[in-house]
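Quick heads-up: structures coming right below.
Both complexes shown next keep chain A, but they swap its partner, so chain B is in the first and chain C is in the second.
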Partner chain A sequence: MRLNPVTPELQQRHRRTGWLLALVGAVLLIGSPYLPWAWSDDALDDMTYLFGPSPTQFLGLALGAVLLVCLLAPRLLARVLAGRRARWFAFADGAKAAALGALVFVAVVVVGIAVELGGLVNVRYGGWIALVAALLAVAGTMLLPRDRPATLGGVRSPGWLVISTIAVVMLVTLLLVAYALDEDDPVIFVALLAFVAGVVAVLLKLGVGPWFSSQTARHRGVLVASAFLVAFAFPFTQDGSEANMSIATQVLIFAATALGLNIVVGLAGLLDLGYIAFLGAGAFVAAILSGSAFSAVGWNPPFIVTVLISGVVASLLGLIIGSPTLRVSGDYLAIVTLAFGEIFRLVMINLDGSDGPDLTNGSNGIPGVPDLDLLGFDFGEPHVLLGVEIGRFANYYFLLLLVIALIMVVFANLNRSRIGRGWVAIREDEKAAEAMGVNVFGLKLFAFAGGAFLAGVAGAVRAHHDISVTPDQYIFLESAFLLAAVVLGGMGTIVGVLLGAVLLRLMPEKLRFVDEYRLLIFGALLVLMMRFRPEGLVASRRRQLEFHEDDEELADKVDPTVTRAEGAR
Partner chain B sequence: MDVTLFLQQLVNGLTLGSLFALIAVGYTVVYGIIQLINFAHGEIFMVGAFGALSTWIVIGRAQITAWWMLPLMILGAMGVAVLTALVMERLAYRPLRNAPRLAPLITAIGISVFLQEVVRLFYGLIPGFPDAKAPVPFPAVQGVSGGALDLGGVVLQRAAIFTLVALVVSWTFLYFFVNRTRIGRAMQATSQDPDTARLMGIDVDRIIMVAFALGAALAALAGIAHGLQYTNIDFRMGFLAGLKAFTAAVLGGIGNINGAVVGGLLLGLVEVMATAYIPGTFGGSAWKDVWAFALLILVLVFRPQGLLGAKVVDRA
Partner chain C sequence: MLEVKDLVVSYGRVRAVKRISFTVPEGSVVSLLGTNGAGKTTTLRTISGLHRPESGEIWFDGRRIDSVPAHRIVQRGLAHSPEGRRIFPRLTVRDNLMLGAFARTDRGSASADLQRAYDLFPILHERRNQPAGTFSGGEQQMLAIGRALMSRPRMLMLDEPSMGLSPLMTKRIMSTIAELKSEGVTILLVEQNAQAALTLADHGYVLEVGSIAFDDTGANLLSDDRVRRAYLGED
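And then the complex of A and B:
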């Protein structure tokens, strides 16, 4: 078969057809929410009214509007965006992302209506029109030629603009999280997720995303502080309700542990498959020293001391397991840590008094761990702060925020220090690093034991939060989940791992109907991520380069001096 | 010391060890050629056991237990296991061949969880097949199930004889295959230097597939042996068995086929003897897995290249 060559005329014609198709799609997408989508108001929210869009339908309208803006902006703003500014935004790429996002969103909603009401017949004409509109938009935008990458990322903007953007982004995030968590309907939750993903994709493609990340790099302090402010403000949006706070604290415990693992896997490149055992070690130490009636040890030190002991015990275990294995291949480390995780669980089960000395109460674990009491502040009691009741979980939430802040400070400082650079060198080429005088074994051991210490600290808090500590909370699958959070989000980044942890813990809570298939999806996800995006959702540039060694363009972005020097030779 | 008891433990240890050895060969053959720890190999063993059960259900509608079912079950098990291993290699591992070393290991965990879940969720959905969410009874087959042999106080289960014979036959077969056939010699060449082997006209991709297939076939045998010995199989059985077999492979020297067999037998003996002879509270079956893994760590400390491995392990 002979293909016709792509001439400029052909491209021009396709561009025009595509633009028109996409425009029709966008207008229909904006119009369709005013039509009824479903026959019954039992599905999702109430989508049965003519000229009365439901909140979910509004999201579809918003995506349509975003698409319309992307399509019309190059023409309407031609005068403003002239000259050097012409390449600030990549509108065609933005339109492609918006159309795809709209398609996913509408498909989720239509399938959701069909599932919740029992069959596609329950979808009314409005839903079908929206689906056709999204298909038209996708087909149309596919005909548009790809833009050159947007240059907005390189534009310097005044500080007030950046800081107010940060404030707006944080506020939107807070409202969005509060709204999403209040959503009980799993389909709406998924649709909301699709909407957010679509908008984020548009912003990234358009050039606003790169602008945000490059500008905020100059105001990192403001960004981090405001992110914490938002996280701190979250319990106040819950109005004393404990249901969401319980989920939120679980997410934070998971995130804190994943961040610790991120130091070991992401920075130092040591695959630790038994990380959960260090969390467990911290939890058991804290439970044993908590003064629980089921603890075999009578000593009950203050929590500050307990936390330190938990961390030290965990890192000692890390030293014991790390010192022999870190000398040999990285693969061995993975399997030995896996074996260690099993040994830990079995030993905790066996130390029940009949198979070994009584320390952990066997497979029943240690129940009745009392609530924390820090400097007279009882974590079990609700408190009233600024007129809002702060319940038990919210108390732990604040404490966990502190723990996460601690881990992030450790992470960021290590990453930028001599130690962090040593880790990167080891991760990329151990022999070369050793030849350059990096203390390979020492640094590896430090990463391993340090990661274990952080896990131990997180475990100590978890013991009090969970009230009971049992060996079956610390199985291999939990380690695999932690690893998945790190891999999914992006190894070696803080934001990515936080995102991965939130997604992996929040999804099962909100999507109860996939509970049965959770592990299946999880396994497939790991394989697919490694195959198609090994650097994770939020990739650090350097990491991305490690997985795509042949990409010259990327290499140039990471370190322009290297490729230029090579080009000069 | 009671000699009969000791001999009995020896037999038990060798039986358990043969099972480990059959699986360990799969780790070692693949590692020897592409330095990949195929962590999902334990799941191939599990899939093999389910393949045998499926063959029995499909052919033996009338619950046949005649001796000729055994070869058919072996064929069925090997077919399913080899197919799974080849698909896994093609779709998941091959695209990652030049990726950083973390990537295939993470993929392997994904495959492992995925295969377990596929069996757990979907095996029972096939008409006529039992639900695999709980342990499934494994059929008894004439000749290798039933009455044990009594050799002067030492009891020898028929399934144990099957396991031992399976190991001896496979080992002999492997010896001739690796040393006497063209493909076997190509495998040796590839393991020594894949690039040069390719220059010599060896299809390295094909050799890698052969390695996966060999490992899978032996793991399938082990799956049947496991089913016959314990009369139950379940979707989780690959995890611990795989971990132990890997320990055995490291013990003997990973990459070395004889090492895997020796390591497997030794690990089986250590586990059984530790259960029988360690006195006090740390003895007994509750601690046997702990001792097995402790052995792995000890080997890595004092002899990382394994008992029969000559090559010093220096891959990062």
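And then the complex of A and C:
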């Protein structure tokens, strides 16, 4: 399906008109933030001043500036970007993305003003000018002929440049996350998301994105280390405030679990619809062994032992479920795991002593799980580190970062190993894999039990973080969300699933007002994703080929990257 | 090297293989001939452990293998290039070949075997980074044989390697099989193309609806009237 109704012939004929239209749009976009957009300062941030742009209006200005650069650069930089460099950047494609991003951004802001002040009459002329400017820009850039794909991705750059780019990107990410989390107004938050998505889209189209991903592949260690450094630094930007840290720890628990599920679904290709039960098993075991006054078991081993027991119990459950069902293929597993998730929850409710042993206090669960105390470090108490107060949630945040790092290491090593190759073969053709000597059943069981172990570990941390563990925290919907995070982000990738998990957990926190429509929006989002980008936001190269089998251009594109990766090793 | 004794295999109630016995001596090429549904593929799948026999014995290298899991049989040196080639179409040629070496636990020498497969079929080297699904039937067959050889087998079972190939490509594949035989690889060859198979085979067995109708040396079968009538289209 073509989204752009403009034919290449039309583009060739009218490209000057298109360029001029887009230029006018860009200039107006840059100018409009200096005009008032709203009648009252109750909407978003204060957009009522002439010649006094608010921070949000500045974002519109920035998108306009990006568009202007994309439009003017081919002419201004013609001398620098000559010869082989002429195809480094795809400026027209960048301009298209910038215009579209600006339109989405301005539309969000205008609609936001209307919603928050009660009607479109509250939008002043500046807002309308911005909207018209964005529409002009979109119309104009649609008339520009498409570029050939940018070649910047294949350019090798010196290490210092790549590493300093990584540093800048990470710093910007940190500031952006801190800024976005501090934003209470949901409309501004969405507008900010639109802005970021627009800028990222421009960078990807322009060729800078591919350059970044191909160049950082050579400095993967630096990239991962700096990403962790940024994650580590985040609590220090919060100045002792716990509100955002509480959201952040929930995001991390969700992300850690999604990464574990990614091993089962993304690598081994097993559809597990009851994964949350393994998290629950870990949490209940940890709660029972926590020394809580409401626990039926008096034994309270050190946390490191509890974590291991939680993981082992979860993986035993995985073995029990897996060994009969993994012999049959595909859909049966989905059905059995779906049922298992429900059975787990019901069993936890029924282990209340009325009809058997009392382990879980039924639907009341186990409250009063004490805070962790590792090597004399009390997770319940705030600590002062580098002059910044690190509160309870921040303590757990650091521990969860550690858990995520562990899961990432396991994931990456499995993916690269012989076992990972066996999983690929099973995903591709189970029968052929068997004939090649792949132990199909064994490898599936290993994925299933291994994934369950990691969920058990995450569950043990969650029990202490949540203070109380109840069966109704572990419902099917949670499994569905985990799966959605994996599919949305990009099956089989680490970055993608982290991104998916952050988006799926952060959005509901920040967009409280859509709470009732949450499922509706997620459903629509998933349908759209499956239609337009089935491989997820971040695609693993192999997956991309799996979903676009008949795309020869893509197959060719995958080739050189494979060779390059081999050369790098 | 391989001995099959009174093998019976069923799919549910349908008996696909009814008490067949044959042997494949070390270093030889033995061919199983027969029309569709004669039980050739079932026999191979049962030998390589993909299907369990109802009764009977299978001995490989002096050890009984009829209840050994498939992946262990590959480890013992018996490779199977399945019917319809079953390459991994979305993986590159190189990845396909490396998966052939999956059952092996000695890591280092896989690259030497990779080289050997490339030497045997230079086209595989040329197109090593392409998805295997873009290959022609003949190239896919080369890949399937190369992949089976990656486990460094002492015995190789090939299920209809000439299926769907041009006469020229069939010749090319058959000469490769002859080359493998001269290297000392024992081969069990299932074919419908009797002419090609029997020219190569030391010994041939003719299967008819699940039983062995008769057997003889390859050369004798080629001139046998029954074979000529049934499989070579002469009367």
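Note that in this section the second predicted complex is superposed on the first by the 546 of 569 C-alpha atoms of A that agree within 3 Å, B and C clash if a C-alpha of one lies under 4 Å from a C-alpha of the other, contacts with A are read in each partner's own complex, and residues count from 1 in each chain.
Everything below uses one rule, namely that a contact is a pair of C-beta atoms (placed from the backbone, for glycine too) under 8 Å apart; a residue touches a chain by one contact, two chains touch by 3 or more.
Predicted model only: the values in this text are computed from it and were never measured.
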Quiz item: Does chain C touch more residues of chain A than chain B does, or is it the other way round?
Solution: B
Self-check item: Contacts of A:L72 with chain B and chain C, given as first, second, both or neither
Solution: neither
Quiz item: Which holds for A:D331: it touches chain B only (first), chain C only (second), both, or neither?
Solution: first
Quiz item: Looking at the overlay, does A:E516 come into contact with chain B only (first), chain C only (second), both, or neither?
Solution: first
Quiz item: Touching A:L526, do we find chain B (first), chain C (second), both, or neither?
Solution: first
Quiz item: First (chain B), second (chain C), both or neither: which does A:I247 touch?
Solution: neither
Exercise. Based on the superposed arrangement, let me know which partner A:K431 touches: chain B (first), chain C (second), both, or neither?
Key: both
Exercise. May I ask you to decide whether A:L346 touches chain B, chain C, both, or neither, giving the answer as first, second, both or neither?
Key: first
Practice problem: Show which residues of chain A both chain B and chain C reach, each in its own complex. | Solution: 431, 546
Quiz item: Given the complex with chain B, which residues does chain A contribute to the contact?
Solution: 265, 269, 271, 273, 321, 324-325, 327-332, 334-336, 338-340, 342-343, 346-347, 349-350, 354-357, 430-431, 476-477, 480, 483, 487, 491, 516-517, 519-520, 522-527, 529-531, 534, 546-547
Quiz prompt | Interface residues, chain C side, partner chain A - complex | solution = 48, 50, 69-71, 73-75, 80-82, 86-92, 94-95, 98-100, 102-103, 129-131, 133-134, 147, 151
Quiz prompt | Residues of chain B that touch chain A when the two form their complex | solution = 35, 37, 39, 92, 95-96, 99-107, 109-118, 121, 239-240, 243, 246-247, 250, 281-282, 284, 286-287, 289-290, 293-294, 296-297, 300-301, 304, 313-316
Quiz prompt | Residue ranges of chain A in contact with chain C within the complex | solution = 418, 421-422, 424-425, 428-429, 431-440, 442, 542, 545-546, 549, 552, 555, 558-560, 562-563
